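Take a look at the structures below.
The following pair of complexes shares a single chain, chain A, combined with chain B in the former and chain C in the latter.
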Partner chain A sequence: MYRLALNMLFGDRAKLAMLLVGLSFSALLMAQQSSVFFGIMSWTYTPMVNIRASVWVSDREVEQVNDAKPMRDTDVTRVRSVDGVSWAAPLHSSIMQARLPNGNFKLISLVGIDSDTFAGAPAVLTVGRIEDLRLPNTVLIDEWGANLLGRAVTRPDGTVETVPLGVGDTFELNDTEARIVGVCRVKRAFTGGPFVYTTYDRAKAYTAGVRRTLSYVLVEPRPGVTPAELCDRIEAETGLRAWTSETDLWTWGERSLARSTFWWFWRNTGIPFSFGTAVLLGLFVGIAISGQTFYSFVLENLRYFAAIKAMGAGSGLLARMLLLQALAAGLLGFGLGVGMAQAIGRVMIEKGMPPFVLYPQVLVATLVLVLGISLCSALIGMVKVARVDPASVFRA
Partner chain B sequence: MPDPAPAIRLRRVDKSFGAGEARIFALKQADFEARAGELIMLVGPSGCGKTTLLSVLAGTLRADAGEVEAFGRRLDGLGQAELTAFRRANLGFVFQSFNLIPTLSVRENVMVPLLIQGASRAEAVRRADAMLAKVGLGGREDGPPTALSGGQQQRVAIARALVHEPRLLICDEPTSALDKDTGQKVMAMIRDLSRSPDRCVVVVTHDHRIFRHADRIAEMEDGRIRRVVDDPSTLDTPAS
Partner chain C sequence: MNKFPLRLLLAAVALGGVLAATQLASTAAENPAVSPPPYQPAVRDKDGLLSASGLVEAVAENTLVGVPFAGLVADVPAKVSRAVKAGDPLLVLDTRELRPAAAAAVAAAERAEDVARRMQPLRGTGAVSESALNEAQFAAREARARADLAAAQLERATVRSPIDGTVLQVSVRPGEFVAAGGKAPVVVGDISRLQIRCDIDEQMAPRMREGLPAKGFLKGELAKPGAPDRSLPLRFVRIEPFVVPKTSLTGASAERVDTRVLQVIYQFDRPADRPVFVGQQMDVYIDTNPDAK
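Entry: the complex of A and B
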């Protein structure tokens, strides 16, 4: 009888199509919006991904990674002296204006790393060597930023093309020359701006006039000491704040700076609200379309359900038939919707805009919600079928 | 020959619909009997309560008062679940409007009563195909019922009504949606295929042309059986 129940629904192509449109649209909206949400949220803690160190030490007041509070240079030494520290290096991070050769100004993210250890250096250099940063007035720029700061060139045929900045090109930071010696590949950030890497000492020069330039102290624990343990010791001995650098949403610990950043943005921006609204909208649209369609499927087939009932099918069997029909449609709709979300996501990932992170957990949640929608639809149908009088089969 | 014990017996059955001013008494102290092995027709003017009586003896409608007995078992007083089980085990239906499920194949429609009874799919397919061959629709099993003519659809419905060998076959106006010739053929098929010593067939009809297929005819008027005619040929032509 269950197979017949499925054939009954699948035989009604128009209804099935409507149901699938509703359910898959709902699944698409929920999965896609959640993924963009997590994508954008992952941008908020980009520095944690790009700058690799097990432990980050900051001022006590820091709540999220993009908003560093300057510390004294001597804090590096204080951290270094804590037992269990293998090495500790200074890190500078600030937003600055770069003056381009054509006279334009653009905001950039300046990152100053320790020139002895290069702790915090980008993982991938597509052009150049990190050691070249030891040459005077040199910087690295990230690929995407190189494009953004590139100059427009008019070709002989009249088309305008952007030529990205490359090795040898220069711009100015605070009237001081910055010469590009390498191009790196890093993850995009929420705060936008191209990343310009230089040494910690040169960052001081570029930010001339700023008294305190130490944003973070990057620390690596000795073997046998966990980052979390080291954080405790550093905080106890220096009074500074120490963080771990886990960036995996599902496993990061209490002390993760990425986690604290995520929740800071959660509390202080409209991002969760606006995406939450979109997800809710998907849910309601799904319930509305598929609930309505399933209901009209049941209404249209009510006399057949009544006939089946007259022939001796119990209400339990009828309820299970409806449930199966609704859940089958739900599964199909989920598959279609998530397939579309993934296809759209692939395009987004290629373009890098907007960010898109499809977690398996989001898939599971979407599946649960879509099946929940199906369940609601089935329940509406069940009420209708339970109420139908089997004697009605004799009325034309 | 003494009358055999009736397979179906209704005694002093009342049934009304609605309440207050609008209350309609569809059955008033109705008595009715049908015997095993016979085909009995229920005739009478529109609104006299034929369908209501049929529904009560089919166990799809509960009487307000009176006794309903089928195959030695009292149906009045049974709960909804027990009535459902009774219908599942004992009933076959043929409806005026066929009620074949359009999105299922002809074969699947005929399989429904067997599957409801819990038969395996293979068993249901085998018996449905055999039954469809009997009604002359072998070869049409896989198509949709909507591709068939009215008479053919009603034959599918007959196959569905008999495939599980029910003891009681109930037909409400089985020929009124069909033209004269087709109606005759369908009624003849109901008579021939349903005939069995322990099966009882009740047919509600307006169609006097098919009266001759009945063993007995019960005439209804205003909510009760007025008389039962043992020789249908006397009724073959309408009185008017």
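Entry: the complex of A and C
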């Protein structure tokens, strides 16, 4: 009987195509839009991913990582004096204008890491050595920024090509030379500008005229002290704000700065609304197309259902047959939809724009919603089938 | 009828999509592990520590040697890092004006003394009056004093080291003009024993007590993770009773004051295995545990 149900489903190719287009389009829209949404949101806490430390200490008023409120230099020693701290290092972070050799200006994110220990240094350097930052007027730049700030070079044949900045190239920060000694691979930021790494002391020189230059204190707890416990102690003793640094959306704790940043952007920008609308649209389009198609499919096959009923099958069996059909269509639609979504995603990840993060949770939610849509459609059909009079098969 | 292959095909494509998506989703979790910094930081090994930033200085405190009057620099015998004894010349100012003046003063003194000497035998003969003789003698003494003054001024043009020590800094070269009361042209200090001036944020000052032990980590002394302990034990000397605006972090004169600090002096022996220089920065941990000795 169930085999018969599947034969009915796959027999009518036009209806099947319609049904699958509706369901898969809906799955595609939901999975792809949610992934771009999470991708963009993951850009908002990029510094937390690039600069790894267990605990970040900031000013009391900080809500999100991109908007640091400057602190006093001695706050580093105050944090170091808190029990449970293993070590603490200063971190500078600010947006600056870089003047390129061709006269153009570009915004960059200046990151000043501890001069002695390089705590906060990027994990991957594709070119150069971190130690070269000890040379005067030196910086590291990220790969993407090196391309962005690259200079246009006209080839002998007349074609213009952008050559990325490399080791030895210079630009100016606040009228001071910044010489590139390395290229690092870090995640891109929501704020747009490329990351330029230098030492904390030199960052002070580059930001000449700025009164306070300490943006964050990076802290590592002593063995046996959890980051969250240490946060409590630091806040109690110094009156500053301490954050943990987990960046995984699904497991980050109450005190994660990435979490706070995520919700700050959720509250203060139109990003969730815009993408939420797209996801809802996907849901409605899915429900409308597949519901309507499934209903007309049931309507068209009503005669067969009546025949099956006349042969003695109960409404329960018919309902299960419909459920099986809906389930099969739903699963196929889901598979095709997320297949397309991941294909688009892979292209996006390859290009780096726009950001795309497909969470397993999004996949599960998409599956649940697509099955929900198809079961809704089946439900509409079931009402019709339950009401059908077995005798109608003889009247036709 | 080829219904079955279609079914299979669709199922295969859908399954492939799900698998590919699952694979992509498995790479989504983003929580890079916290790795230790490339170089070993100054690590606290126990609770109850007070952190301060310090500046290494000579025990006798560095002497900022000044000039007595403004003038051109003629010669700078002081060479940086060379040992000097008390009285050794450090800096010589231009004496082209002073030397003839001194010579003239000496000549004037000799002339006045000569007059007084030649009048002396005529005393009581009536050839010179008592008052004229006295006047000549006083004039001779005055002229001699002027000559001494000029000689002293000439001598003052040579600035000498007030202490036994080492020349730490020379910031003038012959031919430059130095103003009296300006930036000290020469700094000398006794660097055989060093001390460290620690700045403690005024907000943590109440935790500081007399006699607490401490240890320091020299800045710029790099150690890869796993390197042996590089801390230096410090001995308490005194707490400076006067809380001052913080200046030690860069030492730059334009440094802006945003907090005040309690200064505490610690002393340490020069480590045998590595150099320590006056003016270096140090991260200091002061042990405030009650049982610390």
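Keep this in mind: the second predicted complex is superposed on the first by the 396 of 396 C-alpha atoms of A that agree within 3 Å, B and C clash if a C-alpha of one lies under 4 Å from a C-alpha of the other, contacts with A are read in each partner's own complex, and residues count from 1 in each chain.
Here is the rule we go by: contacts are C-beta pairs under 8 Å (C-beta built on N, C-alpha and C of every residue); 3 or more make two chains touch, one makes a residue touch a chain.
All of these numbers come straight from a predicted model, not from anything done at the bench.
Using the contact criterion defined above for the overlaid structures, shared-chain residue A:G11 touches chain B and also reaches chain C.
More residues of chain A lie in contact with C than with the other chain of the pair chain B and chain C. In the superposition on chain A, contact of A:N268 is made with neither chain B nor chain C. Shared-chain residue A:T117: touches chain C; no touch with chain B. In the superposition on chain A, A:A31 makes contact with chain C only, not with chain B.
After overlaying the two complexes on the shared chain, residue contacts for A:A391 are found with chain B alone; chain C is out of touch.
Within the superposed three-chain model, A:A313 lies in touch with chain B and out of touch with chain C [touch as defined at top]. Legend: residue contacts after superposition of the two complexes on their common chain; A:S81 is shown touching chain C, with no touch to chain B. With the contact threshold set out at the top, residues 7, 10-11 of chain A are in contact with chain B in one structure and with chain C in the other.
On chain C, the positions that touch chain A within their shared complex are 3, 6-7, 10-11, 13-18, 20-22, 24-26, 28-44, 47-53, 199-201, 203-204, 207, 219-220, 222, 246, 249-250, 256, 258-259, 261, 283, 285.
Of all residues in chain A, only 6-7, 10-11, 13, 20, 31, 38, 42, 49, 52-54, 72-81, 83-89, 114-121, 123, 130, 201, 204, 211-212, 220, 222, 245-248, 250-251, 331-343, 345-346, 357-360, 362-363 touch chain C in the complex they form. Here chain B touches chain A in the complex through residues 51, 54-55, 58, 60-61, 81, 84-89, 91, 93, 95-97, 99, 101-105, 108, 111-113, 115-117, 121, 144, 172, going by the rule given at the top. Per the touch definition, chain A reaches chain B in the complex via residues 1, 3-4, 7-12, 301, 303-304, 307-315, 317, 389-391, 393-396.
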